[in-house]
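One chain, chain A, links the two complexes that follow: it is found with chain B in the first and with chain C in the second.
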Partner chain A sequence: MAETKSVIGTQNKKGQTYTDTWKMMNEAPRTPSFFTGSEVIKEALRRASCDVMIAYPITPQSEAAALIGELFAEGYIGDYFRGESEFAVMSQCAGSAFGGARVFTTTAGPGTMRAMENFPMWAGSRLPIQMIVTCRGINSPLSIQPDTLEIAYLLNTGMLVWHAETAQDFFDWILKGYMVSEEPDVHLPLALCCDGFFVTHTKDVVNLTPANMCLPPYDPYRSPVPCMDMECPPVRMMRDPFVMKSNYISYATHASWQQEIWAAVERSRKHSIHWLNGLIDTENTDADVVIVASGTAVSQGREAIRLLEDEGVRCGLVKVKTLRPWPEEEIREATKNAKHIFVPEFNVTGWLAKEIRATIPNPHRVHAGPHVCGGMTMPPEIIVSEIKTALGMKTFSLAGRGS
Partner chain B sequence: MSDYRVLPGPEHFLPPAAASMGIRLPNPGEAHINGVITSEEQAYEEAARQFLMAKVPTIFPGPLVLWAWNEKAAKKATAIRHLFNTLKECVQPTQKPMLIPMPDYRPKYPKINPEVEINPNHPNLTIWHNKIDCCIFIGVHCHQANLSLKIIRGGTSCYTIAMCAQAGHEDAMLSFRDASVDKIMRLADTVKRLKGTVQPRSSTKNGASN
Partner chain C sequence: MIKKRLNIRMSGLGGQGAVTAAHVMAMAANRDGKFSISNPFFGAEKRMAPAESYCRIGIERIYDRGELVFPDVIEVFHPQVITMGKSYTMPFYSGIKEGGVVIINSGQPLLSEEDVQRLEDLNVAVFYIAGTELAIETAGTELSTNMTMIGSVAGITNCVSMEALDGALQERFGKKFVASGGTASLDEAIKKKFAKKEMLLAKNLATVKRAYEIAGEWAEKNKIELRVGNPAVAA
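This part shows the complex of A and B:
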């Protein structure tokens, strides 16, 4: 709707060229670089034409937040400041997005939980904020170690939720994430999750797009809701009809509003498929045994498959990339031949296994595990052990490892 | 393709959002009728037919075309005026075309005046009061349009059309996407071309019923 001329091919104040995102992500040359996940977040933000980044320290995202501060000092980020708390940060993100800015923030663990009230508000306000969640323990006793329990709490906020396996996923998905969440028919916040430390503090070779290319800027006039101004502040939508009245139409409006958020999650499906090349990746799904996982559990599952091959057990793999939208049909199709479905997870509740059980026919095929939590690593051998035990094969205990 | 169809209501105490029922938005160059993807050509014909059949065909222009915030919006507003004038020329004396602007979505307190406005939070009041049996949304922000279209589908039997500047609306019975001045004019041309070939409904049941 906005009458704007295309900026593609022009330069920003840092001399970066605004580039068609599809070309930048799929056709531009890539340079292999040896970076930590946190450094990769910084490099993605360098190319993201981000207007506002708001930070608050909590491990393990603090390093990425600090590195983005360097980007601000270099002039790549429009504005950058520290909030008073995680709740304040997320509220300030909302204010910035209401004002028409492309917004980025990072969080982890208890910080995510402390700010939780804001996330359904972001979704309800159709704010395409991107939030990196570097998952860590959230429960007592206090832990800073990787644990994906917090993702379970994000699944019903109305946000898009993606779960990156590697730093390469992270780099690509930060940039592609804005393209999906800013579509007018989507226009929802994105929680882009990774397993803290395993991704953020580990060095890996990541293929980066040229630093002199950047995303086209956000156009707030493509928003499905009116842009905020002094005549139309966001609080006005909260006034009379929903909160102050008790009648059928007020309730119907609020109900329709909530339904519209989940309709927007559904609409994100085709855009996510377009940008991520599908909501899942699969290997050997004609096998009797299939591992379904998200995040770094995918990597561990992949290694377990290699170990099982040595023992003559053929095993397939499903990598779940997006949790919202949930790849229901894709998972049903990928697991239709499986007699045994294993879901290794880095959390105590097994939320991914529950989602899969609720999705597929004959859910007794799902083995919820192995689970680790509280920051424990998941050696591929325990996945192998779990699978062999289920198949009636002899296995050895791994409990004596370490001390 | 979903078996669900987006049909005139009243559908349900709380109808589902059509997107959650598997209805997908059209790609560029396409439209949808009742949730089924069609060519734009078919959609022009059907939209014009619905207008010419209706007892009270109504245009609801929204802020994106009512306020002259850029040159394109002003041109669209002129085109909508042309569509309304064409409609008035093409209907029979028993039909009563209306144009009800939607300049502002902010909640009205204590109640809206359905004679002069449609509030997205209370679209059924305007539909009922004016006995509107076919309407088109143009220039309404997508989220507000979807709310209204769903509430209308839930509580009235009005046939809804959406001409969206973006990706379209599943919750309308018929939706165009990427609305432009040309598309509005083309709809007006189609109405003109079908003049006299479509009989208005005789039943008074349609439209404002619930």
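This part shows the complex of A and C:
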């Protein structure tokens, strides 16, 4: 066996020190910076030892993609290029990952949908690509504003799906995400989602790790499937006749492999708990009323809780950090005391409420809403109104938007 | 009125720098040690199309983001926001909180009698400033209109200090900043207009200061108080 030598403590060509990721994320000093979410994505990538970034413009991810282009010009990214379409980008990401690269890309809304065929292929090929999804409306008429409907489509691709609330989540989770998705017993792509504009274009304080520290590089030979190299070229994947033939063995192969992908999603659970300090965050879950949310709906929920406190209503909060793996046990435990569970969502279908209803006992406790969609903002006052109405309390009319 | 949080909605047209204004305000508040968040809201990034931005400044951590539906202050960067309804919210003052302030970039009154009455009923003060003219006069370009709007809101509310605004402007225009493709190119356009960054910063700051003084005098004369602080301590 070839001798392996740790790169920790050595420097890359930019003079950054490859640092133990746990130490970098948990022990290194942090500098508060006032940045937009897009700038924060760039700063995370600066520290990610990323080999390849592939870009294609679509609002609201275009800024992040452009800023990462600057990183490439500065020499922090191995390679950077633009695809011909979102489908092409995701296919090129696959090619790069097959070739052993740590890959990053960003997308949004209709672009995510256009590339959708690639995502089960990524998962099936066990490619630990990280894709930022800056959610926006996907339907016609077009909207460029945030609407989390596209996340619903990603949930069953076999990818890991995390939903960031803030730019701080983004910074930390981009780096930690690679640590989870590159584990040999996981080795799956990660869709790291956020609500576009509300995170990408919002200026907020974010605590950054030192720029002279970076992640250890990706080791493609930790992949649980044969690593593609010159001795085992990509064409090998499609060469086995039993995979392509329509017979029992073929079906059994696919069925067992699909189960293995979902088993890998489950195996990511322990790593996600380790790196994210749990799959959910909770506050005051002994209250009768609990808000369960993901993404910026959590932030709006936090403001609603403040407003409710002023009126003497105590309300708990569950922040769902990972949607895949789904924190089933955690949500069941966190909501066991709740008489009313409210699930505010930035989409029309209420996919999160449906998942929660399918998870907990006495699902009639779940109030699916409030919902906003098409890119609309969810004022905390709407959440307050929904909760007060359900509790039989008098609430002011929001008609005419308060005028 | 002293409030834990000041919510400012800036309604303008594409190319006027409303997004930049909110960013600069939030950056200044952050420099002053307050909590702040800014974010934009626009459709197609196009000149003269409606563009809105929001700046939230407070004494405790701010979670709220997205469109500001219930603002304390509304700034109208262009008369067409009112006269042609180029606004994401109609009428443009929808949602304004009682005791709030409306700041309008216009040398002449634009509101209908009905609008005036509705704002009076909500005890909302209206301040007109010929911001574009002031920008042309002081900075030599209408591109600094947003500086008059920054100065106006700062002068009336004192939510950010002039020192912090100076620092925020230097930070914003002293380095390459990408808030969007359109905003970046506008930043470059204004830099070219002034040729030198130092001159740009000096003229922009002068514009902010003039608007700050004019607005401050108006607020004092009309006994308008809308500050960020801890109401419990003040009481």
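Structure notes:
Here is the rule we use: the second predicted complex is superposed on the first by the 387 of 403 C-alpha atoms of A that agree within 3 Å, B and C clash if a C-alpha of one lies under 4 Å from a C-alpha of the other, contacts with A are read in each partner's own complex, and residues count from 1 in each chain.
The working rule: a contact is a pair of C-beta atoms (placed from the backbone, for glycine too) under 8 Å apart; a residue touches a chain by one contact, two chains touch by 3 or more.
None of the values given here were measured: they were computed from a predicted structure.
Shared-chain residue A:311: touches no atom of chain B or chain C. Once the two complexes are laid over each other on the shared chain, residue contacts for A:249 go to chain B alone; chain C is not touched.
Contacts of A:62 after superposition on the shared chain: chain C is touched, whereas chain B is not.
In the superposed model, A:36 makes contact with chain C only, not with chain B.
Looking at the shared chain after the overlay, A:201 reaches chain C, while chain B stays out of its contact range. Look at A:223: by the touch rule set out above, it reaches chain B but stays clear of chain C. Contacts of A:84 after superposition: neither chain B nor chain C is touched. When the two structures are aligned on the shared chain, A:74 is found in touch with neither chain B nor chain C. Only residues 23, 26-27, 30, 35-41, 43, 63-70, 89, 91, 93-97, 118, 178-181 of chain C touch chain A when the two sit together in their complex.
If you check the complex, the residues on chain A that touch chain B are 1-3, 126, 183-185, 187, 222-226, 232, 236-237, 239-241, 244, 249-250, 252-253, 255-257, 259-260, 262-264, 266-267, 270.
Those residues of chain B lying in contact with chain A across their complex are 14, 16-20, 24-25, 63-64, 70-73, 105-110, 121-122, 124-125, 141-144, 146-147, 150-151, 154-155, 165-168, 170. Contacts from chain A toward chain C in the complex involve residues 34, 36, 38-39, 62-63, 66-67, 144-146, 197-199, 201-205, 296, 298-300, 302-303, 376-381, 400-403.
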